[in-house]
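Residue numbering begins at 1 within each chain, and the chains themselves are lettered A, B, C, D, E and F in the order written.
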Amino acid sequence: MKMIIHIFFILSLVSSISFASVQDFCVADPKGPQSPSGYSCKNPDQVTENDFAFSGLAKAGNTSNIIKAAVTPAFAPAFAGTNGLGVSMARLDLASGGVIPLHTHPGASEVLVVIQGTICAGFISSANKVYLKTLEKGDSMVFPQGLLHFQLNSGKGPALAFVAFGSSSPGLQILSFALFANDLPSELVEATTFLSDEEVKKLKGVLGGTN
Amino acid sequence: MKMIIHIFFILSLVSSISFASVQDFCVADPKGPQSPSGYSCKNPDQVTENDFAFSGLAKAGNTSNIIKAAVTPAFAPAFAGTNGLGVSMARLDLASGGVIPLHTHPGASEVLVVIQGTICAGFISSANKVYLKTLEKGDSMVFPQGLLHFQLNSGKGPALAFVAFGSSSPGLQILSFALFANDLPSELVEATTFLSDEEVKKLKGVLGGTN
Amino acid sequence: MKMIIHIFFILSLVSSISFASVQDFCVADPKGPQSPSGYSCKNPDQVTENDFAFSGLAKAGNTSNIIKAAVTPAFAPAFAGTNGLGVSMARLDLASGGVIPLHTHPGASEVLVVIQGTICAGFISSANKVYLKTLEKGDSMVFPQGLLHFQLNSGKGPALAFVAFGSSSPGLQILSFALFANDLPSELVEATTFLSDEEVKKLKGVLGGTN
Amino acid sequence: MKMIIHIFFILSLVSSISFASVQDFCVADPKGPQSPSGYSCKNPDQVTENDFAFSGLAKAGNTSNIIKAAVTPAFAPAFAGTNGLGVSMARLDLASGGVIPLHTHPGASEVLVVIQGTICAGFISSANKVYLKTLEKGDSMVFPQGLLHFQLNSGKGPALAFVAFGSSSPGLQILSFALFANDLPSELVEATTFLSDEEVKKLKGVLGGTN
Amino acid sequence: MKMIIHIFFILSLVSSISFASVQDFCVADPKGPQSPSGYSCKNPDQVTENDFAFSGLAKAGNTSNIIKAAVTPAFAPAFAGTNGLGVSMARLDLASGGVIPLHTHPGASEVLVVIQGTICAGFISSANKVYLKTLEKGDSMVFPQGLLHFQLNSGKGPALAFVAFGSSSPGLQILSFALFANDLPSELVEATTFLSDEEVKKLKGVLGGTN
Amino acid sequence: MKMIIHIFFILSLVSSISFASVQDFCVADPKGPQSPSGYSCKNPDQVTENDFAFSGLAKAGNTSNIIKAAVTPAFAPAFAGTNGLGVSMARLDLASGGVIPLHTHPGASEVLVVIQGTICAGFISSANKVYLKTLEKGDSMVFPQGLLHFQLNSGKGPALAFVAFGSSSPGLQILSFALFANDLPSELVEATTFLSDEEVKKLKGVLGGTN
């Protein structure tokens, strides 16, 4: 009897003090419509702990490529729980001699921490000033939003770093791919960068661009 | 004839100067998909004045429970017009001896104003400092976002307060419910709070927790 | 001896786990420079519980004026603790026949709750549609950001309401004061509102405007 | 053979370094649900360069109306690519004697630049102060968010201006339309503005209002 | 006598209903400290209409340079009133054959409108796709935040455009200046772009870079 | 002579196309006033690459304390370059048996990645639901803003993790310190948590609280 009254009290309490419609998170439902704020939210009743965990950063990226490097993102929808929460991470693997070429993240600033090896990193400001550092294991560096930056393995063995972004959708624009790995006409590349026709066509050849 | 010309002018004016696609508000449509920014918007043609009004705060919450208190929210979708507008309210009823236990709002700061009675309220900062005030009728207090705080009826009769939030979805996490009213294993509660096994099991019993 | 070791442990813990530079709040220091995000922050060491409390809403505003109404704000710097926290409140007193004339808050949406009396409130959307409600004690209504709205005592006795804003600096522009209580030249008022010269000059006279 | 290996390298690079789910933009899909953050996003595979371009500002608005002026917006969904990007433009055409009547944009500040003619523009602050300027070709002026402002052709010939907004959905509330071009009862207009019954009814007649 | 009473009423009204501390704007005071939200605010008592106006866009920029183009910004602190308001503009002058080289704005999206001439404009997405348009007088185009884009005079005579940004501090990083007009060591440029040593050194020579 | 003309051209270009007042970053100047948006900005002329780098995460925190764990933050002003950029990191060291007790970050969501060892982590939602995961090396997990969460070394050896925050000032409130390591009166702790007087006093003794 006491138990029954007790349960009644608990239930009345829960109904008296809950914010039933509250939205602590919005786990990405990749099948729903997207909005400027991100993916649609999965039905909270179907959300499990697995939506908030991600194992994709555990494995080294494949560095058998011309840059001897790989970037592995931990973003929605693969890492569904990050949707709309304003933070995400990625893993950088740099084989010996590897480089993450000059790139920008249009939508977020970045903090990098070196886990293994030695990385030379830098960014260039709007005022055209260069900020360069050689980072050892445990060192960190911040790259302000939208500015060109790079990371380069300047040590002997492989290097590993994790990077944090202040957005769940930071974006990634790699400069040389933007210039040379699509159908942007060579004469436009040349006119807007001052690069020579020969250089542009050579790099379009290397990186798969046309026109 | 003059009238017809006049109406023509008005119509041409309206078409010349309206921002037809403008979105002043986004009344919650609970049947549509949610996004990180809130509920889907109801078709504006079906929005009425009733979407912007709410009578749910008029009635005292049921305080016949172990905390002798009740929190009544005025949020979307029940108060559909607040969706996405960055503000909401709630009503606190505290019977004699009632208490709103320590809790946080993950997504908003709060301002409280006392309508009736005497309330002792306080919050604890990240620097672990305590800010306590006894508030009489008409007094107000602000609780910064995400910090633990409480309200307690320290007067003789019942107390009533209204609270404002800087979000249409502030969230509410009640500390003792988070610890003792779910299936978080007792040994994890103990390891992460330093509470004794005896205390944890006793409160799990009181508040309906398992494990 | 055990005590000393214990204190050593606590201190080492505190130093191991504190985020020393954290900024939970930014209590307004009205003597420092302001920025687009608000007032400068008072030195946290000098912040007390009084910075987070405010008694200014306890007293009815003076309604002995032509609108038979008063608005009492609870904003920074008077209510210093709200600075930068994205929420604030105000008190509306409406004597019998009182009115808060048509106005906008340029920087925030508003939720109103009636504490006493009967209030007729309404707003007008960008699409020129009118949303009107008569609100009794305990009823609430939301006014989307930046839209013209009003509150009018439509009951027999005095009315009292509290309003919440989703900004610590919502702003307040009262339409008839903007038109008739400053030095905006009459011919500009007339040209931009279609009001007659006679009407404009009469109201400039009533409300103290010049030109 | 070398070519094949090369292509393999490029492909492995692309797969190693792309942020596949990145959302640079969210082109408006007017058929999907809207959210507080804007329109749903069109499938990126169907987005073309035409979604980012808009020719609607090329043509002068029709100024054959009582204000001898026209406002032509460049917003979503007509200018679909601006959805969610926090910026938009509009074109103002003012025939000789034309005026953009007093109005507010509830959701954005505005910068205006004069392309042709002479424009007298002004805004009124919350503190009821008037800021007036006469702008010639090439002059610009900023109007802070949510404040009443106007533009008036004070030159001899027609005037043209472009305006920029810090929102893709700034809103537009024209004061005299809000007061006199809908069904807001005359007695409410009068009570909340101090305008005379005669004036209100006359302007309701001119602008098409009822009640 | 009636006058005196009247003035008393007006004053009591103003004191009853003003939000004295409200901050509609924050005109830049370049002598004060800056914060992440912008410049310090000028004392409102010293703000005049001139703080909200700017004549710097009236004059064509000097296009006697290697790009035959000029960008003239209308930002704080020169255009002091825009500080913190989330919107700004700039003027683009392109002589015959002129080009605004590939660049990004780290902190804002952009809308361009052509005033005179013909402009070929384009941007490249994170997915490496190219969006190109030829824009005639009156045509507009949007460039999403942080993505590489360019504008090029593709007509016969000079071209003029105005651009709007959804930030009062959009930033501007010109690709070839970032690569070739500073002291970023040539070997780092080469390693992070795949450009040849010869090309890099040639362009460093042209654009004034060292190392 | 050609050189001189060339330098003239470069200089005229730079002056024609620079956004002189642009603010890419706001390196923290701890001696200036703070605002709700963060620390004052250091004079850009005095900013060096060292402001964007931080070596404080390289060294393991001291885990000789009752929780056998340490949290080392990388925030402003120590990591001055992160000020206002909306992202930061911290390092978690957990000796065998170590635990980061239940805590919240009032101002940011968090992503954790395990570098070494095995960590059992979990959070509790507003709906009182528990989300628990055991994470091995390379696994990551997201903790939504403001919700109670913990990390516990559930492996045999030491564990190391890095965490990313979507704010440069996430805050940290450790539950048991907030309850038991300050002067919050025991009777208030008891009344607002349901803990027993005995338990509260015992833990106040352990953690250094008074009252």
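Observations
Keep this in mind: a residue touches a chain if its C-beta (ideal position, glycine included) is under 8 Å from a C-beta of that chain, and two chains touch if they have at least 3 such contacts.
This is a predicted model, so every value here is computed, not measured.
Looking at the partners of chain D and chain E together, the chains they share are A, C.
In summary, the chains found to touch both chain D and chain F are A, B, C, E.
Between the chain pairs A-F and C-E, more C-beta pairs are in contact across A-F. Here chain A and chain E face each other with the same set of residues for the most part; over half of the interface numbers are shared between them. Simply put, chain A must spin 120° to overlay its Cα atoms on chain D, rounded in steps of 5. The chain with its C-alpha centre at the largest distance from the centre of chain F is D. Chain A and chain B have centres, each the mean of its CA atoms, that are 33 Å apart. Centre-to-centre spacing of chain B and chain E amounts to 40 Å, using the average Cα coordinate of each chain. The distance from the centre of chain B to the centre of chain F, each centre being the mean of the chain's C-alpha atoms, comes to 27 Å.
The multi-chain contact residues of chain C, meaning those touching 2 or more other chains, are 18-19, 22, 24, 33, 35-38, 85, 100, 106-107, 122, 125-126, 132, 144-145, 147, 171-172, 174, 177, 181, 206-207. Each chain pair that touches appears in this list: A-B, A-D, A-E, A-F, B-C, B-D, B-F, C-D, C-E, C-F, D-E, E-F. Listed in rising order, the residues of chain F touching chain C in the complex are 33-38, 61-67, 69-71, 73, 75-78, 90, 100, 106-107, 169-172, 174, 181, 207-208. The residues of chain C lying in touch with chain F in their complex are 7, 9-10, 12-24, 26, 29, 32-33, 35-41, 83-85. Across the complex, chain F meets chain B through its residues 99-102, 104-107, 120, 122, 124-126, 128-130, 132, 144-148, 150, 152, 171-184, 188, 191-196, 199, 202-203, 206-207. Chain D meets chain E in the complex at residues 18-19, 22, 24-25, 44, 48-50, 52-59, 74, 79, 81-82, 85-89, 91, 108-111, 113, 115, 122-123, 125-127, 131-133, 135-145, 147, 162, 164-167.
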